[in-house]
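Just below sit the structures, each encoded as structure tokens.
Consider the two complexes below, in which subunit A is the common component and subunit B and subunit C are the respective partners.
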Partner chain A sequence: MVLVFLTFNILAFGATTSTQVPMLEAPVMVVSAGQSPGALQFSVVAKMAKLPHTFEKLLRAEDFDPTKYKTLVLVVGASSKGLGAAGIDFEAEVKRVVALAEKAKAHKIPIVICHLEGATRRGPMSDRILDALAAYASIFMVKTSSDEDGKFKSLSEEFKVPLLYFQKTSDLKNIIQEHFVY
Partner chain B sequence: MKRLLLFFSIICAVTAFAAFFQPDVRPGYGVTDIGWLSDYFPPLRGTNLDTPVFYMDSGVEGPTFLLMGGTHPREIASMVAATIFVENVVVKKGRVIVIPYANKSAASIPDTFGKVPHFIPVKSRSGPRFLVYGDRRTDPKDQGMPDPEKFVHPSGFELEDGAEARNLNRQYPGVPEGNPTQQLAYAIIQLIKAEKVNFNLDMHESGTPEEYVDESGNIKKGGRLAFTLVCNPAALEIGAMALLMLEDQGITFNLEESNPEFRGLSHLEIYNATGCLSFLSETPNPGQDPWRKHVDVINDPKYPLKLRVGMQLELIRCLIEAYNMYTGEAIQIEGLPSFQDLMEKDVGSFLN
Partner chain C sequence: MKRVFTFLFISVLVLTTALAVVSGSVVTSKYGVVAAANEYAARIGAEILERGGNALDAAIAVSFALGVAEPYASGIGGEGYAVVRLANGERYAVDFKSVAPALASYDKINGKLSSIKYTAKGACVPGVVAGAAEVWKIGATMPWAELIKPSIELARKGLVVNETFASVVSDTYERLLENAPEFLKEGMLAWEVGDIFTNPALANTLELIAKEGPAAFYKGKIADDIERFMLEHEGFMRKSDLENYKAVVREPLHGTYRGFDVYVPHPPVSGPQLLAILNILENFNLSAFSWEDPLAVHIIQQVLVLEDVDRRYFISDPDFFDLPTKGFISKEYAKTRLMELNLSKAMDPSTYFDHVGNAYAFEEGGTYEEVLLEGVKVSSVDPMDGYEFPSTTHFSVVDKYGNAVAWTQTLSSFFGTSMYVDGFFLNNEIGNFASTYREGDVINLEPGKRPRTTICPTIIEKDGKVRYVLGTPGGGRIISTITQLVVDLIDFGMSPEEAVKTPKFVGYAFYKDLRMEKGFPETTIRFLEEVLGHKVKLYEYPSLYFGGPNIVAVKSDGTMVGVGSIRRNGAAACPER
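Coming up: the complex of A and B.
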């Protein structure tokens, strides 16, 4: 019976590392880290899950009000097109998201690092952002195809932070419903 | 002398045939009217760039969706998907307008890669039929002028390859007094404005993502464009919803946003010129991999045409559903074959 239950959980919500998964609270601030459309996709799924959240793809630390939000979600995915459209260069983008993570950490706000655009959105730029943010993560939420090289698994083990996998982007809805209190 | 005259007659006949290429589209019961793109821009009339427009009107009030194939006629899945739509779908609410061969001139000449025949036989519901595999750009004869050294979009955006002056998907929003390809783009914009089109999909194909070994023995990555839906920034949320639905059917596409600095592309310029929410899809065509020596664009073992057309059709369905969900308005269609239908029965089973 236990085996059936565990199998169901893995299929439905993805495998996790053994580190205890924290419960996360709403309202949630969702921010892009790299300006790919991934953060918007997270926001669309969050809407489907009816998660109270705000989506600000270019939020700066000075504009982040830590009294209003109980979780910060940083969706990693670097896009040259997106950076160009936002009028921000890559180095400034890395500084922006690290400053945001610093502020959230200083106010003890849990940080979700999410990657949901698969292997094609993994590359030197995305990985640079990921490496800069990994130390701030309270939890990783990662699409299985985003971790073909095991990078997220290694970071999860290195920083002793739980890692939740999901197969399809829409499966993220189950993870949100399971791990956020709202 | 008689032989010489006969020779010239044959040459003239062949040239005339090429200049008056007409796509083979056999409308189904859902088609309520057929017109020409020149109805929206008369200078196109009588040229090889004028192209048929199929109207599928439910008669019930609702939004209008424009579906385009054949912007680049070597991207064969786009034309086949649009043709299957015209030959099978009935619109029950709202209206769909289909241009299966957006650049008919480019369809009238063979692909300049030279690896795929211009006309490919398939077995359809009514017997033998030919699919067209054309070129990427307008026939130079129809353009009527040499390519410039560099392509310059009216916005000032430049590309090194002057032949891009004949690429429809670099010309939007078009120029009424411009060259024929600029006029073609302008005519499409006029149609969108006149028909108050709410959203559109411009279907494309690109090289496959397969890794390959180059002439120096280096492993190279394949194309990154395939399996992508590119959205105007204003349409991004609908695109994201459509791809979630598509993934539930087991098909994963990447979401991309228009690059505002790369001018002339349909997904950027159509919305900016008309307010019509604009999308562009890309499926993987082995015929566009420059490294392949032998190509079978119909029965490739990994990327057969049925797979690519099935993905385009499923994406159309998801896009319509996402648009309906997002706006609260509704287009309803019946008879669109599913991805599974295509995989099980193949393309010819859905062609009249």
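Coming up: the complex of A and C.
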């Protein structure tokens, strides 16, 4: 029973790798990387957590003002439908988010790579985006069902970047409240 | 782990508290079988059979249950079609397609229909409740309310959200958050795998329908609520549209395929198209091939394309047009279509619509020699393009008495308009009319017209006995998948399970490529591309894109085999005795 309770708490409120978890600051810019609805879901949870943030689905590097934001959140999830609706092709989307990450890194703005739509949003396109962005990550925030194959764990180890797991999307609220200063 | 734990716990709870029914991806029984796209719904149908209900009773119960368990794919705000075969040999085609509201017109939308698909204006008058009532009148044996009761309980007690449910909600999240936040978890979050989804608002609505009958929906409180919603959201539908709605009951269309009798729906759905396809394929000795043979794939795919082209000219609402249905499903007409095929090279996709046939010339009979010697040519307009969603749901039921029901129902897109009234979503069937008015097009929007769609619930008999009950969701892939099921079962001698599981491909007039599920041998793909000139596009296996076909097969000894929709977390279920 105790074991079950502990397991629940670890899964619900976040487990980390041994790497030091940085404190993140607000205001935060939340951007979609792949045009799935995951970024909107992050924004909804961020509102629940009262995190000061701006949500821009299609923000381009040239429109990102690094003086206004202290953290960049890139929510990964590729959706053909979303890309089609946004009128952007997949390769252009990868270039867009990599350019955004490069600009944030150049201005020493921490980058959160988040994946919260589970295994069904872990197709080849999502993984392409993830691979392109992993090197820029300051921290991964990942739903447990998004990492059934251990890809995020491997990336976390490879790039020595902390990884925070959450069980349900609503559990992300606790992670936001714990790891963002605002 | 916690998710798995919760799921197992609830599953065990459900299984132990339920009546004596068995479910799984494949079940075998002599006491009746239900195959569906959702296990809860399949089990509810099997419980009705276990309590002594017949296939019609079970089908009605499953229809309502699917609206609870798969609120994204169908429900009382939607429409559909059922083909019913009674043990006494009577057969019925129940058309409960939606109809365009009286106020709907191109003048009132200032643009394309696609711009209103996800608004209240996108909803046509729903037919599911009226359809269920017609099936009940045809030959149900249990009280109407008893058939809805399990769905009311399911909506109140809840169900465990599966991968399909969570994935569809996630895909549609933005629209749901804007239009139907009360459907979402805590009013704002997407439902996730393992969550317990309840829908008390729908339970209340179903209680009304159970108590007051279909009139509650078409004339009573629910009709009032829909009208109020429409007025608030500037939609077209009014209470008078609901009051005027009627499901239509006919005899199903009949065709034959290699000695089997095939019973399908009438226009405006794709029954005639399926028969036309089978008529052409009958001219090939397909059993000399195997399912993965590239030449067999080529022949079937090109026939599918040809008849999809025909569909766009010859299928619409029969109340609005004199359609050439008799000609379209004639064996002689099929011979003229056979002549369009090139066995050594794929048709150039840019010329697909040059290959439209002339089914009208066969309306009065006649041989293909006579017709072609007369030199009659069809006149046409270019049909409209349109994206068709992998939404919709299908289920198949056979009981121990010999009654059978094939039933397909839909909201059109997943979640339809995403407009949410009294716990259910309203369809967006208006998107199946021509996007803008086009002179001569058979699918121009008109008040009271039923939109054309590709659904095709099918019953196949041999020597007067039901052999297969089948169908699938899948938008533009529906007829391709059903055709392959029929060929796999009849020509390639597959078991129902093999037929459902075999990778699928598509022939569709607006797809310039040959879309295939992974699983075909590399040689097949290479041959199709390098020798026959197809451009192949591969999809993961299994893919919901190709639908969620399910089948109930009846063996010669009366044993029934049900196969649920493996592409959609579906199941088959049967009474234990």
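Just a few scattered comments:
In the analysis below, the second predicted complex is superposed on the first by the 171 of 182 C-alpha atoms of A that agree within 3 Å, B and C clash if a C-alpha of one lies under 4 Å from a C-alpha of the other, contacts with A are read in each partner's own complex, and residues count from 1 in each chain.
Simple rule for what comes next: a contact is a pair of C-beta atoms (placed from the backbone, for glycine too) under 8 Å apart; a residue touches a chain by one contact, two chains touch by 3 or more.
Quantities reported herein were computed from a predicted structural model and do not represent experimental measurements.
Bringing the complexes onto one copy of subunit A puts subunit B in a clash with subunit C. When the two complexes are overlaid on their common chain A, residue A:His107 makes contact with neither subunit B nor subunit C. After overlaying the two complexes on the shared chain, residue contacts for A:Lys50 are found with neither subunit B nor subunit C. More residues of subunit A lie in touch with C than with the remaining chain of the pair subunit B and subunit C.
Stretch 220-228 of subunit C is the one among 4-12, 220-228, 256-264 or 292-300 that clashes with subunit B after the shared chain A is superposed. Overlap of the subunit B and subunit C interfaces on subunit A comprises residues 37-38, 40-41, 44-45, 48, 79, 81, 117-118, 120-121, 145, 168-170. Looking at the complex, you find that subunit A touches subunit C at residues 4, 7-8, 11-12, 36-38, 40-41, 44-45, 48, 79, 81, 117-118, 120-121, 123, 144-145, 167-170. Partner subunit A is touched in their complex by these residues of subunit B: 209, 224, 231, 233, 236-237, 239-241, 243-244, 247-248, 252, 254-261. Within the complex formed with subunit B, the subunit A residues making contact are 37-38, 40-41, 44-45, 48, 79, 81-82, 84-85, 117-118, 120-121, 145, 168-170.
Chain contact summary for the complex, subunit C toward subunit A: residues 1-3, 5, 163, 166-167, 170-174, 177, 185-186, 188-190, 192-193, 195, 540.
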